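A short worksheet on the structure shown next.
Each chain gets a letter, A, B, C, D and E, in the order it is written, and its residues are counted from 1.
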Amino acid sequence: MELVVALGLIVLKVAFLIAILLLLPLPLTWLERKIAGHIQQRMGPMRVGWHGLLQPVADGIKLLTKEDHIPAEADRFLFKLAPILALTPPFVVFVAIPFGESISVLGADITLHVSNTNVALLFVFAVIGIEVYGVIFGGWAANSKYAVLGSLRTCAQMISYEIPMGFAVIGVVMLAQSMSLLDIVRAQTDVWNIVYQPVGFFVFFVAGLAEAQRIPFDLSEAEGDLGAGFHTEYSGIRFAFFMVSEYAIVLLVSVLVVILFFGGWNGVLIPLPPLLWFVLKVAFFVYVFIWFRFTFPRYRYDQLMAIGWKVLLPLSMANIIITGVLLGAVAAP
Amino acid sequence: MTAATLFQSALASLPEIVVITGACILLILGQFVRKGQEHFLVWASVAVVLIAALATLMLASEVRPVYTGMFIADRFAVFFKFIFYLATVLTFLLSRKYADIEGIGSSEYYVLLLFALLGMMIMASATDLLSIYVGLELMVICTYVLTGFLRRERRSNEAALKYVILGAVSTGIFLYGVSLIYGLAGTTQLDGMAAALTGDPLDSGLLLAVVFIVAGLVFKVGAVPFHMWLPDVYEGAPTTITAFMSVGPKAAGFAVILRVFLNPLVAASDVWIILAVIAVVTMALGSFVALVQDNFKRLLAYSSIAHAGFAIFGVAAGGADGIASVMLYLLIYAFTNLGIFAAVIMMRNGDFSGEVIEDYAGFAKSHPGLALLMLLFLFSLAGIPPTAGFFAKFYVLVALVERGFVMLAVIAVLLSAVAAYFYIRIVMVMYMREPKRAFAPALTPLVRATLVVTAAGTIGIGLFPSWFLKLAQDSVFGG
Amino acid sequence: MVPLWWYIVLGVVLFVIGAAGVLLRRNILVVLMSLELLLNSVNINFIAFGRYHADFRGQIFAIFVIAITAAEVAVALGILVALVRNKSTLKVDDVTVMKG
Amino acid sequence: MSDWICNDHTDGIDLKPEKGLPKSRRGGPIYRFATRSVGNRCSDMTAMEFLPVLFMIAGVVLVVGVTLFVSSLLRPSNPYPAKNMPYECGMDAAGEAAAGRFRVPFFILAILLVVFDVEAMFLFPWAVVLKEIGLVGYIEMFIFMVLLLVGFAYAWLKGALEWET
Amino acid sequence: MGIPLLSFIIFTPVAGAAVLMLLRGDDAARWTALSFTVLDLALCIAMLVGFDTTTHAMQFTEMRSWVPALGINYALGIDGISALFVFLTALLGSICVLASWVAIDRKVKEFMICLLSMQALMLGVFCALDLFLFYVFWEAMLIPMYLIIGVWGGEGRVYAAIKFFLYTLAGSLLFLIGVIVLYFYGGRSFDILALTEQDLPFRIQSWLFFAFLIAFAVKVPMVPVHTWLPDAHVQAPTAGSIILAGVLLKMGAYGFLRFSLPMLPEASMHYSTLMLALSVLAIVYGGLLALAQDDLKKLVAYSSISHMGFVTLGIFALNLRGLEGGILQMFNHGVTTGALFLFVGLIYERTHTRSIADYGGLMKVAPVYTTFLALFTLSSMALPGTNSFVGELLVLSGGFAANLVAGSAAVLGALLGAAYLLGMYGKVALGPANVGVQLKIRDLNAREMAAILPLAVFVLWVGFYPKPFLNIIDASVKHLLTQVQSKESGP
């Protein structure tokens, strides 16, 4: 009986997560366009619904009903597989992410995380790594020169920034002495990691931008010179999957930044409910993502690679060494 | 592990530290070396090895098990390390001119050799399957790259790819055996294994594990049934690397085989039967197939298979004399084989490859001195006194007969008589044919020095084997 | 809980598949993938045995195997690239140096 | 300390055999393993932790399937050769898209990734237990990082990180 | 221990070879080689003068530790048997240099180096008192001999050289195993004298006997394993043939004397009948083959097989007369057959043909040559008054004593010998002259005479007054015989 309840709870949580992640792009696209509009001194979408509020819904319907076009020379199986492969990892990652300790619903304590493994951080990186396959298959299968080039570049970019990203969190692990995200947040009850790990945060955030292929690192889909990168040939609902996946990654990076460096659901000064703190912080970073998009120019590709390898990587390694020294200094009597 | 033990460990592995530091420094410095200054790299590499040798000598006096039982600095390791130093230094000396001729301008060549040396040193000192594995891989990965170093040559690429794939398979097989041993014994330390595996010798799981480990290790020394890579790789690789591989990595493989099998496992299983069978088949195959080779490098490849077979006879014999015989065999083989390869390398000049045996027709007429040296090396390989090769074989036979394996000894000598044929065939070509064309061997002072050293070793150990024998006997582990 | 026996069988199956792939496939990339399978079967063994013995050596060994295999495969790919460039084609199937 | 290793080995760093080794518990032939199950003394990774992953994958696939199905009911399907050509600014596509598109820098990048990612793998467990292993552990990893940096510097000097466009 | 005379004897040729390496010019090489071989011969004569014929003990012994870990010593010493062969080797060494004076016209220096090192190694074999040392000398001989046949030989030289090498190597490697087994049974010692004192179980003795037999039989050569010899002899240059016939073949027989008999007495006794049978087979078979030859050198080569059959027959008769006859016959064969090869070589230098049919009536153009040829042919036939008569007589009487059938068969062999030798001589020296060949023929010159005369002297000396030679070996042979027979009443 207990088992059935536990399983049911898991199913519920998973369903809830899927729902959120699928629906979140709707407000996010609207927000993005609105914010873009206001930053650029215009109104953004205004036609569909009040202040264009229904614009994302209209977009969704359009994508749903658009012709599903597959190029003649394409590898049809991989072409169809790629969007699913791109969509799944960001969703799966959320299984391991805690949103808070627990809340009380109808008298029962329900933990705000689906699964708390002690290797959550490794899990996150492992699953996010699979994202590359969606990209590379998508570009390759279309058999279009722009798509291939775009996918190669995207792939190169993603794996390049994965390394500094991974190195950047090691400082956090050293502080928390755990790879469990829950433990990491708990370790920040008093002082947020950002205090000890500013460099780590910087590296992680920049790498996160690149991982999500957001401006200033959105070379892969640089409309100007590559069509639209690896998903040039996609249309309709399959294209939508890629878009959803991108937003999920934006969200994921924001969540990770909050958990790893900004104390998760630990609040300061204002005693808000932990979950709210968490949502607010995440919202802030999502906003930063959007804000950056319309503020920074795009980097050149060689600059992009140079930043990843020649700046972020050495920085993150130095960060590890320095953190070690600091830890030793603190631990020493 | 405390700071004190860490310091002890660092001290015991001083030679390794020297080599790795030197290699790293050269790796970076190499990027700043201008064209035409490569001789700096040669001398720097040689200096690194010499310093390491000095450090090794300093440590030779006592046995130090360090790194929580994964590493040991004992005389056995020292002996093998000196074989490796010898092979590496001579390879450096041979490489200078050869690299120019083949257009190998990069410093990585020397650095990779140093790293391969490091891998071999770790293998010689390793007392845990993990450290053995790490050393082994460090060595083979470097040799993979070195094999394919002639990037523009199809043959070199193919050889390297073949080597990599087969090598990785053999590593997999080895590791599978290791994992089974780990499952059975609960440890990967050789001593711990010996303690844990004192049960019945016919445990099917243990036997399986041993078979797998044997298979993996046997690959590295190029014995049947895992010899297929060897001729192609020897032929395709740059000749200097072939020379290096035929001596260094092979000796390192034997160091591991001796450590693994003569320490814990021989007591626990009838592994010598497997080894004896391998030895016989290996030697037979090497000897017979070499008979029909026309390419000198391929012939030497099969010859090295045959020699590996002979050395495995020594392993099969076991016991202190068996171990010492294998060690001495490898030392002598190092001198002789490097000598003959020096001759082959020297022949590579201009458009002349010197790889076909017929290329040597009438060599004795135009270069009697060099031909005499080659004659010396070839007869040493064939095991004819008074060269060192004879004493090497003799001592292995003594070890075999001592353990009562007279039949194996008879097989060994009969097969080595077969093997003698293809060595004297080369002598025949050199001495009894008319020259077809003029020779212009690339006889630089460095190559000369190599020839002198190897010839001195070949004839010196042959005439006065006593000191070296004593050295080998004293270096048997524990000693 | 999963019995150890299952892990061993899984390891054996992976090992056999890997070995078969190496020996039978002609495409070198597939061969390299089979190699990975082969080595991963070893990892499974190590970790399972480590669990069984309540000893972390198995995990350590597995990490080393992963790391070193990565280097090995990197080298293999590098050599493959050199070979492909000499042939100036990407069709790896043409590069049949392996006889099987 | 986190139990990424085993719970009953909190002194997980010490490699000395007398601590790490199970005493006198010889394994015996493999078939005897069958009677024992893995993880009976280590209680961390349970099915409950990874089951959700399966559920999540199933959920995503389900949603995708449903969406595709719905979409297929709604969308038109009107392909013709010109439409099915790859997008190429109006030019006719010639040959395999992948042909000749392979450049060595991508490959070098892949190798670098493999190397560094794998090194990160060593860093994670080390970071977890750093406080316990103290200075010696730190020094050891420092040496490891220095070696890594040498490799990195080499790659840099060699120009592997230069991306000419 | 005084002057290490034996070391001097062994290393004089080595020194000569070393000097040669530094020299340039063919004539210089010839003279240097000659002077060193003559010096060596002088040393050997000095050794014989100082030799004590009354004792069987080893004389002029030297002993240095070489590889102490394995009990290997550099031990030299000679008894009567080896003294005779040391002298024979040194004698033939000088003659070889003379014989190759003009016959070798290319790479003279190298040839002389090979010749000198060959001589040193052969001397070493006869002097060694340590099994390991013996083996080193024994096996190392392959290298210079291989080169001598292979580089300076006739058209089929390569094949002949390789065949020679492999036969000998295969045989001697089994011998090596035997040596190692003996080492362990003899309490980890390679000391030949100590090993002769060992009492080995019969089973081991038999195994070792056959291991040794293969090695020695190849060298002798005995019949089933003789096939390398005609090729090697025919293809080798004259000096090579002389060395092969004069010394190398003796080593097999010397091995029987030095190892098989004293160390494995029971096995030797037990298998003596087999050995006698093999010997007789060699005598008859070799004779028959010689009869069928039309090539001069081949004829002499097959006659060698036949003659060496007499030697082994004498040895395995295992009685005093047989042994002494066998040993004397070894010496005789060295002198006579060496001389015959020299004669073939001399005529070949002039005419470049060896076919018997090409010659005829040489008596008229080269009287001195034919006269000496007659002497050596008669010696080879064992006519009374020549050296072989004494030896063969002793062997036959020993053979009859040991085994009647073997003795009778050996007589038949001797008759065969008369047949082919006389036939050969008749065709070459007498009869109608062959004009084409005759034009090229000169008679012997002074150098050639210098090479032949010493041999002729020994033919007659032993033939008429064999006592000094028998004296030298007497004590040693008797001792050997006691060693063998002491075991007779054993198990």
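The working rule: a residue touches a chain if its C-beta (ideal position, glycine included) is under 8 Å from a C-beta of that chain, and two chains touch if they have at least 3 such contacts.
Since we're looking at a predicted model, the values are computed, not measured.
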How many steps does it take, at the fewest, to get from chain A to chain B if each step moves to a chain that touches the one before? 2
Could you run down the chains that neighbour chain A and chain C together? D
More contacts between chains, B-E or A-D: A-D
Of the chains present, which has its C-alpha mean closest to the combined C-alpha mean? B
Chain centres computed over CA atoms; the one at greatest distance from chain E is chain A
How many Å are there between the centre of chain D and the centre of chain E, using C-alpha atoms for each centre? 78
Distance between the CA centroids of chain A and chain E (whole Å) is 95
Chain-centre distance (mean CA atoms) for chain C and chain D, in whole Å, is 15
I'd like to verify one number: the distance from the centre of chain C to the centre of chain E, where each centre is the average of its C-alpha atoms, in whole angstrom. 65
Which chain B residues touch at least two other chains? 180, 183, 186-187
Touching pairs of chains, all of them, please. A-D, B-C, B-D, B-E, C-D
Can you check the complex and tell me which residues of chain D touch chain C? 5-6, 8-9, 12, 15, 20-22, 25, 27, 30-31, 33-42, 98-100, 102, 104, 107, 110-111, 114-115, 117-119, 121-122, 125
Interface with chain B, chain D side, in the complex: residues 14-17, 20-22, 25-30, 33, 135-136, 139-140, 147, 150, 153-154, 157-158
What part of chain C is in contact with chain B in the complex they form? 8, 11, 15, 18-19, 22, 28, 31-32, 35, 38-39, 41-42, 45-46, 48-50, 52-53, 55, 57-58, 60-61, 64-65, 68-69, 71-73, 75-76, 78-80, 82-83, 86-87, 95, 97-98
Footprint of chain D on chain C - complex, ascending: 1-5, 7-8, 48, 51-57, 59, 63, 66-67, 70-71, 73-74, 77-78, 81, 85, 90
Which part of chain A faces chain D closely enough to touch in the complex? 6-7, 10-11, 13-15, 17-18, 22, 64-73, 83-84, 87-88, 91-92, 94-95, 114-119, 121-122, 140, 142-149, 152, 155-156, 159-160, 162-163, 166-167, 170-171, 173-174, 177-180, 183, 227, 232-233, 236-237, 241, 300-302, 305-306, 309-310, 313-314, 317, 320-321, 324, 327-328, 331
